[in-house]
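Next come two complexes, and both contain chain A; in the first it sits with chain B, in the second with chain C.
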Partner chain A sequence: MLKRIQAWLRPPVTIARKDWTWAKCNNLVLSTVIVVSLLSGFSLIAHFDFQKENNRQAKELQHLVEQQWDQQPARHPHRVAHFGHFAIRQLSPLSFIDNGVNPFVGNATFLEAHQLNSTNFSAAVDSPNTLRFGELTIGSIIQLFLPLFIFSLLFGQYRQERDGQLLRMHHVSGVSSFQFQVGKLVGNLLIVLTIIFPTWLVCLALMLRIEVIPTIWPRFWLLTLLYLVYLFVWSGFAVLVFTRLKNPRKAFATLLALWTLFFIIVPRLLPVAAETVYPAPTAAEFNRKLHRAVSASINAHNISDQRFIAEKERLLKRHGVERVEDLPFNFRGFGMSIGEESSTEIFRRQIAQLEARHIQQNRFIETFGIVNPLIAVRFLSQLLAGAGYHHAFDFDKQAEQHRYQFVQKLNELHMHEIAYENDRDQKLTSQFWQEFKDFQYDLPSLPWVSKRALYSSLALFVWVILTFVGLATFKVRVQ
Partner chain B sequence: METTLAIKLDGLSKSFGNQKAVVDLNLSLSQGEVFCLLGPNGAGKTTTINLILGILPPSSGRVTVLGHEMEQNATTALRQVSFIPETVSLYPQLSGLENLTYFAELADNKKIDLARAAEVLNQVGLSEKEYKQPAGSYSKGMRQKVCLALAFYRNAQILVLDEPTSGLDPGSANEFLRLISEARDRNQTVFMVTHDIFRAKAIADRIGILRSGRLVQEIDAQSISVTRIEEIYLEYFNA
Partner chain C sequence: MTRIAALFRYQFRIFTRESMTWVLVGSFVALYAVATFNGKQKVQEFSSSQSQHQKLIMERNQAYLEHRFSDNEKLGRFFYYVQAPIQYHPHPRAALNLGRLDLYEDIPGITLHGIYSQVFNAGRKNPFSALSGHFDLAFVLIHLVPLLVLLFVFDLRQREVELGLRSLLNGLGIRDLSWMLSKWFIRLVSVGGLVSGLNLAVFYYFGLPLDSFFLFWSLASVLYILFWMLVGLAITSFRLQSTTNLVVSLIAWILLCILTPASIHLMSGSHSSAPSGIQIATEHRYKLHAAWDHPKQDTFAAFEFTGDDQAAFTKENDTFTWGWYFAMHSVADHAVTSHVHDYFKSALERDNWIERASRYLPPLRLQTALDKLCGVTLENQVDFKRDIVRFHQELKQHYYPAIFDDRVWNKAQLTSELTQLSTKKITPNVTNGGLLRMAPIVVWCLGLTLFTFLIFSNLTTSRRNGHAIASKRLKRAA
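Showing the complex of A and B:
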């Protein structure tokens, strides 16, 4: 059995090797190698520097924010709750490979009591944007231009082999269409991989220079695998088009047309279509709605609120006292706390709704990954790089959690460290502020990522299967 | 038990649109036989070869090579066949030797004996300096010689040749004939299309004449003189 597989594989290997040799002495290929290496090397380093500088500043800023927090003078805790806190967004460590939606989401969120200020929950960041062209990262060069390069490589080869009747010589040598196509696919895949290999090494070297945080190495290797599969799919697809259409010029023109459609037109139309099918509210609409919902909730600032009064009565009964002054804690702090709880619940519900809308939009776009592998790969690449919309939402969620925690902790202090009498005139010493945790964003876990990667991975997998089916069934036309 | 025929054509026909290139061809070649197909330009000789090799699908009829039906089992059958096309093309950036080893490896599926490859190339009249040059710089005859060398290197059971001597100088053409008769001595089967009546007579066991896609005459080459063959040929030519 193994012998038979080996025997079967020999002609494809021979063909692949020959194509690789062909590329080695082809000037066009050589100049492309140089151009691609320069372009991608340049982009890689530029993005890496940008990310490094950006994150250094972000870190410094976050540090400054924490310092300012700690250095607050003696204050009333509710004053501190409104003094607030900035959550500064750092670029994900893999952004230099794929910067995803980074250019379109905000860099900082101001966190304070009963307020929702957000980087990208608001629809002010126009449309989902996941499919916009950012500045070219190495990821986009691989996604957009390497397929184009594969097409031209194959065009050069097929023109020679078709016109020179060399395809016929393969047929007469007893090479099956399947073997021939596999050989071509592997050969050309090797050529593109060779081209991108030096740049990827640079990438690896840069990876070694970034701070190690959990999941980034698995993410990096998965990205590598993803691009490999992606290039495999396009090599296979192109080989099939070239064997199917007799005229190499026609095949090439077809592939160019498809490239324009799949890589330029569709990625631009899809977000527009998604917005039409699942319209998201504008920032103003969203804020109006949020405001309405919050003012309709338990409101600690409004003492005539019916639910608030009911809540108060229950509390007094539980503690067997008549007046709030007799409670064993500061009732105002308690009021703040339940008010925060209820408005936060509303925030979170509204945010979840908005997020669900964005998820719908993105799902709509993602669906097309089954037709256009670029969509699937772009989505997965952004997800793995930690630069997709899922991560943008995750940042806001973590920031919101941080906000809730410190505001509630302040309310606790308000309840227990500040007396009800003369509430406003009291202050807590500055050492209380030191006990608050700094804000730190944690990159989500791999299971979190894989759950979100499921559909697009499946789409890409279907493409791989289809490629194999095509290779096994398409007949090379030799005449 | 009957030995398997090398090539068997049953009612083979091919039309391009309404032009009939090959019409109801029946032919059997036993193993070790040398068959030459003569015929004017456009008679359908190359088309016949394309049908034998499964390059073209027949409009009707059947091709069997060494017991394998071409329509179902082309790749197996073709492993036993060496082919020299009417116009040989090679990978221009590879040398003659590299071209030879490439196709030999594809067809034979085994490691190349470089010494033997060089020897065969020498035999067909390519010097070491020549066969190490990129084939892009070759003349028509030199390309043909690489392909000849490939055929003899592989030692396939069947040789299918489309005007193999047409681009060769007389010295090389004679050397080629010698190689063909050696092949016959090794019991290889040869199906050769040619315009060279003289050489056909010299090496063929049997000669067929094709005209407008029909096999109009089959001649036992040993029992007839060259002049007689030429007479017959011209008769059909002018008819």
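Showing the complex of A and C:
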């Protein structure tokens, strides 16, 4: 059995070795290695440096706002609820590999009572318009340019093989189409991997300098696997196109046209289509809806609010008293608490609806991963690097949870530590503020990531299967 | 002359008879149409959202007036609630080049509270759509037109060589250079004519005047096409195989349209000593609450220092007044004003750096020039925020005397005040003309022409030398 496998593997290994030798002597390959290494090295260092500096500043600022919170003087708890807090976003440790949506996502949210503010200060807001030319990261180099390099490599080899009748020789010597194609695939994949290997080693070295977060290493290895699979798919696809089309020039021109369409035009057109199919409400429509919903909720700041009065009546009845002054806690604090609960529920519902629409739009784009592997890989890569839109939404969610917790804790203090009489003039000492938890964003776990990566992973898996099926079924056109 | 005219006529006939020409032209027109509709839709959406917002604020103000205020109300309390609406009108040209329209802050209106807690409100947008970028006419012109051009010229000479027609043409006495240049010229005129025609149609569709901007857009388009035609010509002049030409053309396109601009952008993000937006926001919040904690007289004293020229206002003792409340906000604003100034300045410095770098790169040059002409630059966005801050200052100057005097107004006065709070309309500053901005592209074109000429003459000389040596050897052998 083993001998049979060895015998079967011999031709593909020979073909792969031949391609490897060809590449070693080829100036184009050598110059590409230099260009790719320089570009990716530059982008790696620049992004890593930016990430380090950005996270250092974010950490310092988060520390500063925590200090400001702890060092507040004696204040009324509701004052403190309006003093509020800041949740500051740090870039995920793998952003230097794929920066994803990071530049377009805000970096800080102001958290306060009765409000759910947006996350502001994205990098894009104070960046020049050149950002729209695309970001140069190692991720984008692998995703966009390495497939193009694979096409050029194969073109060079096939032209030589067809002209030199090598294809016919392989055929005559009994090498099957599958063996031949596997050999080509492995050979080219090895060349491409050799090109990015030094850069990936630098990535690894930089990773060792990053603060350790539990999920980072599995994410990094999964990202490595993802790019391997991606390059495998494009190599396989290109091999199939070259072996099926008799004329290498035609095959190459077809691949170049596909590259322009799939890598340049389609990724820009799809969001336009997604916004047409699933239109999101404009800022004004969203605010109108939100305002209406909030107006219908309990307003604890307005004592003539009918719902608030009804709540008050119910409470008095439950405690068997006639006046709010006789309640065992401060009624104003209670009012703040139920008001917060009611408005938060509305805010969260409205924002969840808007987010759901954005997710629908992005899912629509993701669907095209089945047609274009770049789309699937783009989503997966951003997700694994912690720079996807899901992570941005998750940051907002964690910040909002923090907001709700501290505001309700302050309302508790208002209820139990502040007397109803002369409420506004009372203050709590700064000791109370030190009991609050700091804000800490936790990068989601791998199961969380895998749940969101399901569709794109499936699309990529289909591509892998199709590549194998194609290699096994399609015959090389020798003539 | 007749011979040349016949050559051009012939080339045109061949060019128009090729199915590939029509496939490319058809796809290109379709992409142009999509970009046009998308540009129009985006600008309409933006403007409609702005007017809806304005309406919403007016309604909300009215509702406050009806339900929250009694007949005699302090003006300070009135301004605690009401908002002054703001409407940003992008220039109609933005439909051609959306630029950073989707990155603008969501500020439909402002209150008299501290301005720096209002002016950075980003709103909620889909980040993935923002990352993908716009599909507008500027994108088509800067990124896709070059591809079309390169596809038309990559096999200018090699086509005949590869089809085995070169010797036939030589036999007919048609020189290599004139054949190639006639082909090149026909393609230049065709693509230039097509893009100019489409530009005219688009301007008509958007209702834009055929003014100096149209002239700029048209000339810049043609110049840009000429640049890429020359790039294609320079590549073909090396007389490599057509497929190699295609690869080299694509590499040139990637380098000029993607990699170099992206690298320049990466370099522009050098660390700045200016405070970040987050630093400003945290400091503003801190100063506001610090002013709240201080005795009210101290806050008033600090307020006088802010230069709001309110020294004559009544100074209250330690009881709550609306004057004190707004003074506190002013003090917080004042505390960060210089930081905001530095923050804006640093952003503009980065923009200027890109502007300078763009001199060396035609696609970037065209993009920055079109951004300026369409009012979608970073500077426009900074101006938008500065205008809002100025408007806030104007409102303060107008209303603070009454607020600090703790005046009481009746409903009729408040209603009339509301109507006076008409919408502040902000429009971007756009430049006109500026053809000189395109000078670097002209220089590139001249350089490429010279380069191509040198390669041609070098190749021709070496070929002649080669022939001479070969004939000498033949003679010697004979």
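The rule is short, and it goes like this: the second predicted complex is superposed on the first by the 461 of 479 C-alpha atoms of A that agree within 3 Å, B and C clash if a C-alpha of one lies under 4 Å from a C-alpha of the other, contacts with A are read in each partner's own complex, and residues count from 1 in each chain.
As a working rule, contacts are C-beta pairs under 8 Å (C-beta built on N, C-alpha and C of every residue); 3 or more make two chains touch, one makes a residue touch a chain.
Everything quoted here is computed from the prediction, not taken from an experiment.
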Request  = Check whether A:Gln143 is in contact with chain B, with chain C, with both or with neither, and answer first, second, both or neither.
outcome  = neither
Task = Using the touch definition from the top, say if A:Asn55 reaches chain B (first), chain C (second), both or neither.
result = neither
Inquiry  = Looking at A:Ile15 after the superposition, I want to know if it touches chain B, chain C, both of them or none. Which is it: first, second, both, neither?
reply    = first
Message = Output check: A:Ala392 vs chain B and chain C. Expected answer is one of first, second, both, neither. What do you get?
response = second
Message = Between chain B and chain C, whom does A:Ala283 touch in the aligned arrangement: first, second, both, or neither?
response = second
Request  = Please tell me which partner, chain B or chain C, touches more residues of chain A.
outcome  = C
Inquiry  = With both complexes superposed on chain A, which partner does A:Val105 reach: first (chain B), second (chain C), both or neither?
reply    = second
Request  = Kindly classify A:Arg168 by the partners it touches after superposition: chain B alone (first), chain C alone (second), both, or neither?
outcome  = first
Inquiry  = I'd like to know which partner A:Ser40 touches here: chain B for first, chain C for second, both or neither.
reply    = neither
Common interface positions of chain A, toward chain B and toward chain C = none
Query = Which residues, counting only chain A, touch chain C once they are in their complex?
reply = 39, 42-43, 46-47, 50, 53, 57-58, 61, 64-65, 68, 72-73, 75, 79, 83-84, 86, 88, 100-101, 103-108, 110, 117-122, 124-136, 144-145, 148, 152, 155, 159, 248-249, 252-253, 256, 260, 264-265, 267-272, 274-275, 280, 282-288, 291, 351, 354, 358, 361-362, 365, 389, 392
Request  = Please give the residue numbers of chain A that touch chain B in the complex, ascending.
outcome  = 7, 10-11, 14-15, 18, 21-22, 25-26, 160, 164-166, 168-176, 478-479
Inquiry  = Which residues of chain C touch chain A once you look at their complex with the stated criterion?
reply    = 31, 34, 38, 45, 48-50, 52-53, 55-56, 60, 99-100, 103, 105-106, 108, 117, 120-135, 139, 143-144, 147, 242-243, 246-247, 250, 254, 257-259, 261-269, 271, 276-279, 281-282, 285-286, 289, 292-293, 343, 346-347, 350-351, 353-354, 364, 367-368, 371, 376-378, 381
Task = Report the residues of chain B in contact with chain A in the complex, numbered from low to high.
result = 50, 53-56, 74-79, 81, 83, 85, 87, 89-94, 102-103, 105-107, 109
